[in-house]
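Read from first to last, the chains carry the letters A, B, C, D, E, F and G; within each, the first residue is number 1.
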Amino acid sequence: MYALSSFLVLFGFWLLLSGYFTPFLVSMGAAAAIAVVALAHRMNVVDHEGHPVHLGWRVIGYWSWLGKEIAKSAWDVSKIIVNPRLPISPMLVRVKTTQKTTVGVVTYANSITLTPGTISVEVSNEEILVHALTRSSAKALLEGEMDRRVTHFEGAS
Amino acid sequence: MMFAVAAIAVLIALSLALARAFLGPTVFDRVLAANTVGTGAMLLLAVVSFLGGRPEFIDLAIVYGFLNVIGTIAVLKYFRYGSLGEPGAGGEERQW
Amino acid sequence: MIAPHLPVLQVVLPLLAAPLMVVVRRGGFAWLLATAASVAALGIALALFARVADGAVLSYAMGSWPPPWGIEYRVDRVNAFLLVLVSSIATVVVIYSRTSVAAEVPREQLYLFYTMYALCLAGLLGITVTGDAFNLFVFLEISSLSTYVLIALGRDRRALVASYQYLIMGTIGATFFVIGVGLLYLMTGTLNLADMAQRLPQVAESRPVLAALAFITVGVCLKLALFPLHLWLPNAYAYAPSAVTALLAATATKVSVYVLLRFYFFVFGGTTVFIALPMAEILLLLSLAAMFIASTVAIFQDNLKRMFAYSSVAQIGYITLGVSFDSVTGLTGGVVHLFNHALTKGALFLLLGGVALRVGVVRFDNIGGIGRMMPVTAFGIVLGGLSLIGVPATVGFVSKWYLVLAALESGAWWLAFLIVLSSLLTVAYVWRFVEAAYFREPDPAVARLKEAPLAMLVPAWLLVGASVYFGLDTVLTVGGASQAAQDLLRGGR
Amino acid sequence: MTPAGTILFALAVPLAAMPLIAVSHRAPNVREAVTLVTATLLFLLVASLTPHVLAGERPEVTVLHVLPGLRVAFTVEPLGMLFGLIASGLWIVNSLYSIGYMRGNQERHQTRFYVCFAGALASTVGIAFAGNLFTLFLFYEALTLITYPLVTHHRTEEARRAGRLYIGMLVGGSIAFLLVAIIWTWALAGTIEFEPGGILREKASNATVGVLLALYVFGICKAAVMPMHRWLPAAMVAPTPVSALLHAVAVVKAGVFAVVKVVIYVFGVAELAALGNTEWLPLVAGFTIIAASIVALRSDNLKRRLAYSTVSQLSYVVLAAALLTPLSIIGAALHIATHALGKITLFFAAGAIYTAAHKTEVSQLDGIGRRMPWTMGAFAIGSLSMIGLPPAAGFVSKWYILSGAMATGQWGAVAVLAAGTLLSAGYLMPIVYRAFFLPPAPAGGHHEAHGEAPLTMVVAVSASAFGTVALFFYPEALLALSRQLAGPG
Amino acid sequence: MVAGAVDVLSWASLVGGGVFCVIGGVGLIRMPDFYTRTHAAGVTDTLGAGLLLLGLMLQAGLSLVTVKLVMLGLLIFFTSPTATHALARAAMVRGIKPLLRDGGQEPSKP
Amino acid sequence: MRFASHYSYWITMFLLIAGLYIVIAHGNLIKKLVGLSIFQTSVYLLYIAPGKLIGGTAPIVTEQFQVYSNPLPHVLILTAIVVGVATLALGLALVVRIREAYGSIEEDEILEQEV
Amino acid sequence: MSGDLVLRVVAKLLIAFMLLFALYVQFHGDFGPGGGFQAGVIAAAAIIFYGIIYGLPAARKVVPSRVVETMVGLGVLIYAGVGVLGIVLGGNYLDYFVLSGDPVNGQHRGIFWVEAGVAVTVAGVMIKIFYMFAGRGRNGEPEA
C-alpha cells in the first residue's frame, strides 16, 4: 500500500523534474521509481513516517499559515539584528506537545526551528526544549497556537 | 542586473558566514557557519544559473543542498560518536 | 586492425585490468592479469617504438574527435623511448612481485596491490602517451593516488606516514601543475600540447605565461623530487613494499622528468623559456645541490633503502643537470641518465627486496657479512653501486660521460670537476655496503641466511645485466637519447 | 700466437687463475701450484712480447668500443713492457715467498689472498699495456679494489681503518683528480689515446698544462707524492707478501708508471720542457724524497721505515720524469725496475725476520745476521740498491737520473739526489750494521732459538737479491727498452 | 504590463531576499553565542532563501526551471530546520551553555 | 558571471596561499588535509575565469563541437573535483590508519615515536 | 536519544527522493556531460545518509561491501568497454559515432553507457569510502 503510493509520488516527481515525455524517458522514470521503492523497501523506510501521504491536502493549509509565521518572525529577528543595541533576551523554555504521532512531533519541532527566533533543542514525546531569542518569541510559542495547528494538521489518525 | 544584485548580496552573506567559520569559537559555530555557507552557495548557484543562462546549474544547486545537509549531520555525528557508522543516531528502536 | 589503435591500447589495457581485479578479488588472478597487462604494454610499447624509430609521429584521436578538440594521444621518438622503459621495468617488477609482495602484503590485500599496480602503470603510461595537458594531469593523479595506496601497503607503520606525506606533497605538486596548465589554457584557449606550442609564441613572455611556467616547474619538480622538493621521497621509498620502491624509483620520477622535458622544450619551445626566466641557472644550482647534499646525506643513512632513496634524489640531480645545459650533449646525458638510473635503481631496489625478505629491515647493522650468505644478491648490489658511481663498463658511466662533456662543451670545466667530485660521494656510500657485506664477519643471525629466491633474483638480475650490457653497448641508448635530445631541442614547431 | 693474441692471453691467464685458485681452496698444494704455474706462464707471455717491442713494433689490440672515441684497448710500448716484465717476474718470486710466509705464519683466508693476488696481477698487466687513459683508469681502479681485501687481510680494527684510508685516498684521488684530468685532456685534445710525443701538443695553454699536470700527479695517489702518501704506511698492517705487492710488484709501481706514462705519452717530454709551470713538480718530488727519508730515519718499526723509504724512492721516479731530459726519463723507467727488485728484497727480508724471529722493530735486530745470514745478506744487497751503490741495480737508475740532472744543469735536483742518497744510507745501513756487527741482545725472549725462515722464503729473498745484483751487471735488456722511450719515437 | 509587474515583483523579491541573506550573515557575526547565532542563520535560510527563489521563479515563469526551484525550496524547507536542530542538540549534549538573560527559565538540561 | 570572474584571480591566489599556509602551519594531519582541499579549490576558480581578462584567447568552442567537445571548463572542474575528493578520501583513510598505529594525529607526536 | 527523532523522520522522507533524483540526473545527463558523476554522487549520498542515520550495519545490509566493490570495478569496465566497442566497430577508442547506424543516435548511446559506467563507479567509490571511515570507530576493525 505504502509502496504503491510511494511509487506514484516518485513517478510524479520524475515527470515533474523531467519535462520531457519521450517514451524512453517515461518508461525509464517508471523503472527508476520502481527501483527506488524496492531499495527503499530494503531500507525499511517505506512506512507512515517516511511517507506521510495520509496528511493529504491539509498540508497546504498548515504550510501557508506557517509561511506567514516564518515571515513575521524573520522580520522580527532581522530588526533585532540590525538594531545597534542588539536587544535580545535569550532563554530556554519547555513546551508541551499534544501530538499523538512521531510525524506530528517532528513537524512541530521543525516548525519551531523553521521560525526564526526559536529553535527546538531537545525533542521528546511529551515536550520540546526550545531556545528562544527573545522573551516575546518564547511567549508567542508558549501561547500554543502552533501546537494546536500541528495537532490539527496531524489529523485524527 | 537584478540577478547581479542578488548574487552580490548572497556573496556578502557568504563571506560573513565564512568569517564566522574562521572565528569559531566552538566547533558548532563553525559547522553552523559552514551550513549557512552551503545554503548561500546553493542560492548563489541558482542565481548564477540565471545570470549566466545556464539552467543546469539549478540541478547542481539541488545536489549541493543534499550534500550540505548530509555533510553537516555527518560532521555532528562524528563529533558525537567519533565514528560515522555507530547505529546510535536512530538505529535503535525507541521506547515509544 | 589493432595496429592503428596501439597508442590508446597502451593505456587502456592496464586500465581495464584494474577493475577486473577488483571484481574478481583473487590475489593470484590479479597477479596473472597484472602480468598480462604489463607484458601487453611492453609489446605495444616496442611496436610503437619501432613505428616511430624513423622520426614519424603517431597521432590518435580519442573518440575520433580530431585534435585540438578531442584528446589526442601522440607518440614520437621521445615518449616511445619512455614507454618502452616504463613498461619493461613494470614487467620485470611484476614478475618479481609474485614472491616479494606475497611476503610483504597480507593475502587479502594482494588483489588491491595488483589493482593499484595496474592503475599506477596505466597512469604512468598515460602521462607519457597523452598529448593533452589536462588529460596528463588526470593520469598524473591516477598514478599518484595509486602510488599512495601502494606505499601505504608497506609492512612498517611508518609506511602510512610516508604515504601521507607523499600525498600532501604530491597533491601540492599536481595542483601547481594543473594551475600552470590552467593559465596556459586561459592564454591559448587550448589544452592540446601541440596546439598550445603553436599558439604560445603569440602570448609568450606575458606574465601569466611566465607564471604558468613557474607553476608547472615547481609542480613537476615536486613530483620528480628535485632537491629541495624531495622531502617525501626517502621515507616513501624506504617503507613501501620492495617491489613498489623499485617501480617508483625506476619509473615514476622518470616520467615526471619527461613531463618537464615535454613542457620545457616541446611546449615552451626551449629557448624563449630559458631566456625569459633564469630557469637554466636555477635548475643547475638545484641539481648541484641535489648531487652533493643528497649524496652526503645518503652516506650517513643506516637503512639501506633510505640510503639508496637519497641516492635517487642525487641521481635525479644529474638528470636535471643535463636538462639545464639546454644543449644536445647535455640533454643526451640527461636522457641517458634517466634510462640508466631507471635500470640501476630498479635493480638495486629489487635486490634489496631480496635482502629484506631474509633479514626484515635492511640496515647496516644486520647485513654484516651478507656477501658470503647471499653472494648473488650482494654482488648484484655491488654492480648496481658501481653503476651509480659511474664506473666504466656500467650504464652509469655513459651518462656521466655525456654530462661532463656537456659541461666542458659549455666551457664550465669547474662543473665537470664537480660532476666527477660528486661521484666520490657515491663511492663513499656504495663502499659502505661493500665493507659491510664482504669485510665484516657475519653475525650469527646473518650466518643462517639463504640466498634470495630465484623468482626474485632472476628479475633483479635482468636489470643488473641490462645495466652492465648497456654500459658496454651504447648504440641503442646513446643513439636513442641523442635523437630524443635533438627532437626536443627542435621544440614543438 | 700473434702479439695481439699474446696481450689478451696475458690478461686472461691471471683472470682465469682466479676461479681455479678459488675452487681448489681445499687443496692448498694444488692452489699454490696453480699460482706458481700462472705466474710463470704470465711472465713467459709478457717476455715473449719483448723481442717485438725491442724490434720497434707496438703490438695493439682493441677489446671494446664503449662510446665513440672511447675504447678499451691495449698497446705495448717500451715503458709498459718494462713494467710488465718486472711485475710478472716478481710475481713468481713473490708467490714462492708467499707460500712460505702464509704457511709459516698460519695466516687465515689464504685462498682469498691468492685469488686477489692473481686479480691484482691481471689489473697490473692491464695498466702496463693500457693503450689509452681510459683503459689505464679502468685497470688502475680495478687494482685498487682487488687489493683492498689484501690490505685488510687481518680484519682487525686497525686493518679496517688502514683499508678505509687506502680505498678512500686511492679511489678518491683518482676520481677527484685523475678522472677530471682525463676528461679535461679529452676535451682539450679530442682523444685520450697514448701517443709518443704527447697528445696535448699545442692543445693547451701554459697555465692549463700546469694545473693538468698537478691533477695527474696528485690524482695518481699510488705514486705517493706527498701529501698523497698517507695510505702507504698505513697499509703496512697487511701481511708482508702484500707489502711486497704494494711496494714492489704492482701498486706503487703502477702509480709511478702512470705518472711517467702520462708525462711521456700525454704531455710529451719535449712539450713539457718547452712550457713553463712545471717547476713545482721537481720541488714537490724533491721535498717528498727528503721528508719521507727523514721520517724513515726516525722510524723504529722496520716495515714503517721501509714504507717511508718507498715513498721517498717513488719520488725519485717522479723527479726523474719531471726533469724532462732523455737521460732522466731512462732513469725513471729503470728506477721503476730497480727499486722494485731492491724493495722486494728488503720486504722479503723483513717478512722472513718476522716469520723466523717475530721481530718487527729495528732496535730488536742486533746480531740477527748471525742467525739469518742469507736473509740479512740479501737485506744488505737490497739496501745498497736503495742507496744507489754498486754492485746493486739501484746504482744504474740513479746514475741515469743524476746524469740527466747534471746534463741540463738542474743543480737543485742534483743536491736533492745527493741528500737523498745520504739519508737512505742513514736509515738502511745501521740495520745492516746492527745485524752483523752488534752482539745479540741479552737472551730474555723465548724466540731466541730461531734460525732462517722457511725454505721457500729464503729462496725467494735470495733470488730477488740475486736479481738486484744481476741487473747491475746486465741491465742491457731493460736499458734497451728504456732508451726507446728517450729516443725519437 | 503583466510582464512589467512581474519584473517589479521579482526585483523586489530578489532584493528583499538578498537583504535578508545579508542580515542573516550580519547576525551570524553579531550574535553573542552559538544558540543566538542559529536564529540569525535561520533568517537566511527562510526569508532570504525563500524570497530569492520566489524572485527567480517569477523570472522563470511556468517552466521546468520553476519546478526545480520549487524543489530547491522544498529541500531547504525540510533540511534547514533539521540541520539546525541537530546542531543545537549536539551543542547542548556537548555541554555548550547557552547565554541566558537572567530570569530565563530553565537552566540548561539536556 | 563576469564580475565574479574578475576577482577569481584574487580569490584563486587567496585560496592558494591560505590552503598552503594551513598545510604547512598545522601539525594536525586532518587540518593539513583541510588546507590541501582549500588549496585545490583554487584550481576550480581558475578554470572558470575567461582568458580574455588576462590577455589570452577564449577557449576553442565552435558551434559544431559545443555540445560534446572536451575542453569545456566545467568538465575540467568536475574532473578536478573528482580528483580532489579522491585525494581527500585517501588522505583521511591514511589518517585513520595512522591514528590506529600511533594513537595520534599530531605530526610532532608521531615523529616523536619514530626516533 | 529522542532528539534523533527529527533526523530519522526527515531522513526517511529525503532518501527516496534523493535516489530518484540521482536516477533523474543520470537519465537526463546525456544532454550535458558530467551527469553520471553527479548521479553517482547523489545516489551514494543517499546511501551514506542512510548509513549515518541508521548505522553502518544497516547500510551494509542494504548494500553489502562486496557489491560496492564490484560496482567500482564494473563501472570502469562499462566505461572502458564502450571505448573498446568503438574500436571493435571500426572507429577509434571511445568513438560513439559507430555505435549505431545513425551517428547522432550512436552518440547518445555511447554517452549513455559511459555515463552509466561513471555513475556506478562514483557511487561505488563513495560508498566504499564511507564504509571505510564509518567502519573505523574508536575500536574499529581495519577494512581495506
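Methods note: contacts are C-beta pairs under 8 Å (C-beta built on N, C-alpha and C of every residue); 3 or more make two chains touch, one makes a residue touch a chain.
Every value quoted in this text rests on a predicted model; they were computed, and no experiment measured them.
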{"item": "Labels of chains that are neighbours to chain A and to chain F", "value": "G"}
{"item": "Chains touching both chain A and chain D, listed by label", "value": "none"}
{"item": "Remotest chain, chain E as reference, centres from CA atoms", "value": "D"}
{"item": "Separation of chain A from chain E, taking each centre as the mean of its C-alpha atoms, in whole Å", "value": "14"}
{"item": "Chain E and chain G: spacing of chain centres that average the CA atoms, whole Å", "value": "31"}
{"item": "Computed distance of Cα centres, chain G from chain A, in Å", "value": "29"}
{"item": "Centroid spacing, where centroids are CA-atom means, of chain B and chain F in whole angstrom", "value": "19"}
{"item": "Interface hub residues of chain B, defined as touching at least two other chains", "value": "8, 59, 62, 66, 69, 73"}
{"item": "Two or more partner chains touched - positions in chain F", "value": "68, 86, 97"}
{"item": "Multi-partner residues of chain A (each touching 2 or more other chains)", "value": "17, 109-110, 120, 122-123, 125"}
{"item": "Residue ranges of chain D in contact with chain C within the complex", "value": "64, 66-67, 70, 72, 134, 137-138, 141, 149, 152, 155, 160, 163-164, 167-168, 171-172, 175-176, 179-180, 183-184, 187"}
{"item": "Chain E-touching residues of chain B, taken from the complex the two chains share", "value": "2-3, 5-6, 8-10, 12-17, 19-20, 23, 26, 28-29, 31-33, 35-36, 39-40, 42-43, 46-47, 50, 55, 58-59, 61-62, 65-66, 68-69, 72-73, 76, 79-80"}
{"item": "Chain F-facing residues of chain G, complex", "value": "32-34, 37, 107, 111, 122, 125, 129, 132-133, 136, 140, 142"}
{"item": "Of all residues in chain C, those that touch chain D in their complex", "value": "391-393, 397-398, 401, 404-405, 408, 413, 416-417, 420-421, 423-424, 427-428, 431, 435, 438-439, 441, 471-472, 474, 478"}
{"item": "Partner chain E, residues of chain G touching it in the complex", "value": "3, 6-7, 10, 13-14"}
